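Look for subunit A in each of the two complexes below; its partner is subunit B in the first and subunit C in the second.
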Partner chain A sequence: MNSMITKGLPSIKLPALKKALSIAAIASACSMALGLSSTVAMAEVNTTGLAVTDTEVTVGILHSLTGTMAISETGAQEAEKLAIKQINESGGILGRQIKIIQEDGASDWPTFAEKSKKLLVKDKVAAVFGAWTSASRKAVLPVFEKENGLLYYPTFYEGLEQSKNVIYTGQEATQQILDGLNWVAKEKKAKTFYLIGSDYIWPRTSMKIARKHIENVLGGKVVGEEYKPLGNTQFGSVINKIRLKKPDVIYAAVVGGSNVAWFKQLKAAGITADKQTLLTISVTEDEVLGIGGENLEGFYSIMKYFQSQDNENNKAFVAAFKEMWGDDSVIGDVTQAAYLGPWLWKAAVEKAGSFDVDKVVAASEEGDIELTTAPEGYVKLHPNHHLWSKARVGKWNKDGQATVVYTSELIEPDPFPAGYQ
Partner chain B sequence: MSFAYDKLMGGKNGLTGFIILAILILIVFPLLLDSFRLNLVGKYLTYAFAAVSLVLLWGYGGTLSLGQGIFFGLGGYAMAMFLKLEASSPENTAIQSTPGIPDFMDWNQLTELPWFWEPFSSFTFTLVAILVIPALFAYIIGSAMFKRRVGGVYFAIITQVIAVILTVLIVGQQGFTGGINGITDLRTLNGWDITSDSAKNIFYYVNCFLLLGVIIASRYILTSKFGRLLLAMRDKEDRVRFSGYDVANFKIFIFCFAATISAIGGAMFTLQVGFMSPSFVGIVPSIEMVIFAAVGGRMSLIGAVYGTLLINFGKTAFSESFPELWLFLMGGLFIAVVMFFPNGLAGLWQDYGHYITDRFKSVKNLFVKPASATKATTVENS
Partner chain C sequence: MGGYTYNELGAIFAMQGFAGISLFSVLLLMALGLAIIFGQMGVINMAHGEFMAVGAYTTYFLSTLTETYFPGFMPYYFLFAIVLAFFVAGALGYFAEYALIRHLYKRPLDTLLATWGLSLIMQQTFRSVFGAREVSPGLPDWLLGSYQPTEMIDIPLNGMFVLALTGLVTFGVFYLMFKSSWGLHVRATTQNRLMSGAVGINTKKVDRYTFALGCGIAGIAGAAFTTIASTGPTTGTLYIVDTFMVVVFGGAASLLGTIASAFSIAQAQSILEFFISGSMAKVFTLLTLVIILMFKPEGLFASKVRR
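After this line comes the complex of A and B, so read on.
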């Protein structure tokens, strides 16, 4: 234990340490005198100058509230606030209430970097819940590593990353892709695949993994692979090619607003679920709001969470979410993953008995932090900072909700999959 | 001496403004602000390069470019390419399929460094490239348009279109450019840790001196015969042409010069912020740069710097205090500036600044002998 403390505090000079210890002594004496002995004094749980007092701990929420990403990120920040509210109501963390400082990333990656630095350097927050796109994560990553902050990142993403300062609560690419492909190959006897995605890092990496799996493991064939710029709304030429090639499965990773055009044009071209199997890795309940359930009916999404999941945890979560944010709100995969962030942080802090980032990370890396109350069922934190989780295939209904038709076993996260790079 | 005074500083008013700005950014900010805020000011001041370039091009030259982000981006990307190559040493990238190339290339199945990346492993080449490539690019655009007498709104639209094309190109060719993520994770410059506080402070001062140098150089251009021709062209282009001047060449020159200035800003941006992304190349940042110049006063080099600082301070302060309302507050600020100070901050200073200077003078006069004070006044009036 001693060696761990010194490891975490290489830069603190002896007088400072002594001072900290004497403050700790006074503080603990005071709290005992006041009969608050159940709360551990500030100086003991916070040796690195974070914004932690004897009654409060400050965290940051950093999502886009304005700009093109606001529509996607709203759900995530709402879920984080819900989790924090619930934690506060149940007594907080180490006897402290969580206070939130919210910043707007404004859908602009440099702004994300600026705001994350502000949260870490000025506000000294103990943890940050935020970022959504890979680009924003890449922009804030050097800041978190430099300032030794702690980020809980909620989005399913391309993998190929494992930072000491980030806990990834979404699924990395292999957790989402492989089981979905196995399922479609088995259930739909699929042999030929047409891959289509938006043109940036996440779809490209996902398709690279999918292609290797289709060709090397499933013995199938990729008959087309195509990328369209972000925001593209013209899918006519792709749809013509799909008609020509007649793939067994269209495998799609089209993101954001493009999705609306993509599915409407598919329907207009007569490509519907009764004639064509389509499996997408980029459509959650949030997107369906924009696309319209009738345009998606019968198509499949592979995610780790669907709002319609039938278990006690999820029923309570959905009810609490609707109570806080309105009856009309829908909950997508990322929203649920964002909800896990504060709970995972709470578990790690309590295990470490400290808010110090190094200790919280060390506790997280022991690999035994689990949430049995997760809406998606059960998750466990792997030493590689990702979550063990299950993959689920959902079949979309007209009302914008999905019916879960397949649930995998718990999948081990593997951000650097051998043989798929 | 008088050359330096008149040409480089722009006479008494210019000198006062210049000295106040220098004191503010070199002494007041570093004393008042902690290193986080100072680094933010450093970031804002890199945009000021683009704003200053627009004062030359738009305020004096009468040619509105809605594509200064192109050159800011080119400068920034050139610097980022150098830093990224340094960060992608085979040891640092050992987990990749092809070690030794930038990580985003590896994700995009590239197996060797593209030819146009090779020269950017040299720091000298990079510095030259930051100055020359944007100017060259501006020369090509400029000569294609100005020689054909394309100007005004058409020029503005075309520059904007080029900004869009360049963004699409950068985003689409992600194997070569890093795509929408940009070029990230830049840490060292010739082995020197650029993320440390001391490095950020040094960059801040380098940035300030470069900006002040750019203002002096721009002053020199504006007070020379060329500067007067520029104004003449703005007001009556045909008359200048009929007087025997080659209008196109003057315009091309000032466009290239503005491009180089913006590129210096871009390179300093990359150094201070630690990454470069296509979000600086497109339409929105280009128009923001025009707003900085407009708020500062498009006829004032120094006003452009204040305009940039004011808008960005506003952006940061509003968005920190009101994360859900800040865009409306920014909108309100723009409307207020346009309605109440159409000539920007510089106009405000010209209209009301003399109240402050007069008061300053009257205080000064208390300590000066009446005779010499009268003399000083006559000299000023002459």
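After this line comes the complex of A and C, so read on.
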């Protein structure tokens, strides 16, 4: 504590002033020691004019609270607030309490860009936790790069990106897809696959990687590949097509309202888990709320986190989450990834000893920031800004929770996978 | 035939046929309410989808209530939910007409803006009351699963249910419009408002009930669609485009046109989808529609409204 205080004071050289100044120095040191406990003076930890005072640091949360995406983004921002509350209760970051400025992206990508500019330029926040869809991330990316901000992005996504100004706390495509396919090929002796997804960048990129892996690595065959427009609720014809092709596995990446219609209609068409293996990369506990556990029973999801995971970290996390946001709340993969954001930022700031974005990024890129307290178990930040994480296969139960049936080794993130593009 | 037996092909053919009919019944049920409002009153109701969501949320509300307080009643609640959805959405429509629409009859383009605003207000209300997350009402067992006439054919029960309901509602609407004295008033008002007023028809009242009926039918559609998809604050926006497509293509003032249009769009869509990918099927369906509307701007069945 003492060394930190002296570090924050100018060293005194002039002999004539020495006595007078040293009295002042002692006085100010005392006042700091009394009032601010172990903080380092603002000027030291913040050289770029961020919203950091001696007692507070301001961060931004930028998610959709209104519009289509509010459904998905609610959980993420709840988790981020929980993490920040816990960090504040344990003493904050570098002795500073975290203050939140929340903005609503309103499910509209230009609004995301505008609000991120406001957070960075006007509010001068030290970090932003936010964005959910790839479209919103792509919209804010130029703003973060120009204003040199720092974004913690929580969603599993298609990869093919690595920005200096973004830390990706979800898994990129290869971390989610490859192990799931390996598992289903081995466990279910699957040879033929039917790929179906919603028609936009994430499912299409994911399916491209899946197809390469199925054909080149597993020696299997893709018997059908299908994309439905976002918001489509009619799957009758596709289901008949699938019936005709008789695939060993249906591999699905349908999102949003379509997702619900897709599973309800599968069940209504008599395609259930006892007759058909289905593996999806787009269903978490959040989606199950809308789909209904009875429509998913026995199908598989490949994620990095499930709420039912049995470890001490996760038990504490689930209990704290429910205490803060109500007993009915469920926690999906992205919610957990969003929870990691503030903690990873705290670790990086403390390692750098500074809130300066360049220093925090440099500390993050050393590749040794790890969280042993992560609900998913253990994660480590790779120099490429993504997390080392494990892939898990969950089998859905009627109650809307999944039983984890497979856990991979720790997988190295590889946002630009060679041979898969 | 590509390694398939005739039995298998027959089964697929039967199920694919049903998929088309099922889509037809969905489109028709969505469009009926709008066809009444747009066709008979000339009001472009952008909030039509939200009235469907009202029906869906009513169903969800009743299902939660039943599950908590009268679990034994679960197998039957759904039928009551449909009736309740009709009345709740209808009452809201009645109120909306009274408070908003009736002031705008002489400014048809303004109703477009006003009802769009109404739809945004309703969406945000759903979000505040029921939360942003999508919900699904618990369904009775007799609506889940499939009917298997043979080993290989699975006909979805919810599809059959929606089909039967659509038939019932269509029949009801036709009876009301063409056999009841109230229907006579509605048609008279559509054809010549001044004259109808002169012979003693309360045209304002007719307007209000017509609008309420259209919204009520939207409510029924919303309740029925909870068996197919989920309900969220913005669910309505998923349906509004398809709904307008069916009504415009059919010819605005003709109920028969709406039926014909729903049937042709559904068949084109489901057959194309079977042979090419989903997004391309939609593109081809829309292209065909645009071309037909270029040559027949009034829609399939030309309007007989006297201006």
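Here is the rule we use: the second predicted complex is superposed on the first by the 384 of 421 C-alpha atoms of A that agree within 3 Å, B and C clash if a C-alpha of one lies under 4 Å from a C-alpha of the other, contacts with A are read in each partner's own complex, and residues count from 1 in each chain.
Here is the rule we use: contacts are C-beta pairs under 8 Å (C-beta built on N, C-alpha and C of every residue); 3 or more make two chains touch, one makes a residue touch a chain.
These numbers were taken from a predicted model, which means no experiment stands behind them.
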Touched partner set for A:66, first subunit B, second subunit C, both or neither: both
First, second, both or neither for A:261, with subunit B first and subunit C second: second
Touched partner set for A:100, first subunit B, second subunit C, both or neither: neither
Touched partner set for A:138, first subunit B, second subunit C, both or neither: first
Touched partner set for A:289, first subunit B, second subunit C, both or neither: second
First, second, both or neither for A:404, with subunit B first and subunit C second: neither
Touching partner for A:121 - first (subunit B), second (subunit C), both, neither: first
First, second, both or neither for A:217, with subunit B first and subunit C second: neither
Touched partner set for A:113, first subunit B, second subunit C, both or neither: first
Residues of subunit A at both interfaces, subunit B in one complex, subunit C in the other: 65-66, 199, 229
Residues of subunit A touching subunit B in the complex: 65-66, 102-104, 106, 108-111, 113-115, 117-118, 121-122, 134-135, 138-139, 141-142, 146, 158, 160, 199-201, 204-205, 208, 229-230, 416, 421
Subunit A-touching residues of subunit B, taken from the complex the two chains share: 36, 39-40, 43, 95-97, 103-104, 107-109, 168, 171-172, 174, 179-182, 184-187, 195, 273-275, 277, 279-280, 316, 319-320, 323-324, 326-327
Touching residues on subunit A, where the partner in the complex is subunit C: 65-68, 70-71, 74, 199, 225-229, 231-234, 236-241, 243-244, 257-258, 260-261, 264-265, 267-271, 286, 289-292, 294
Complex contacts: residues of subunit C adjacent to subunit A: 4, 8, 12, 15-16, 18-20, 22-23, 26, 124, 127, 131-136, 138, 144-146, 148, 154, 156-159, 225, 227-230, 232-235, 237-238, 269-271, 273-274, 277-279, 281-282
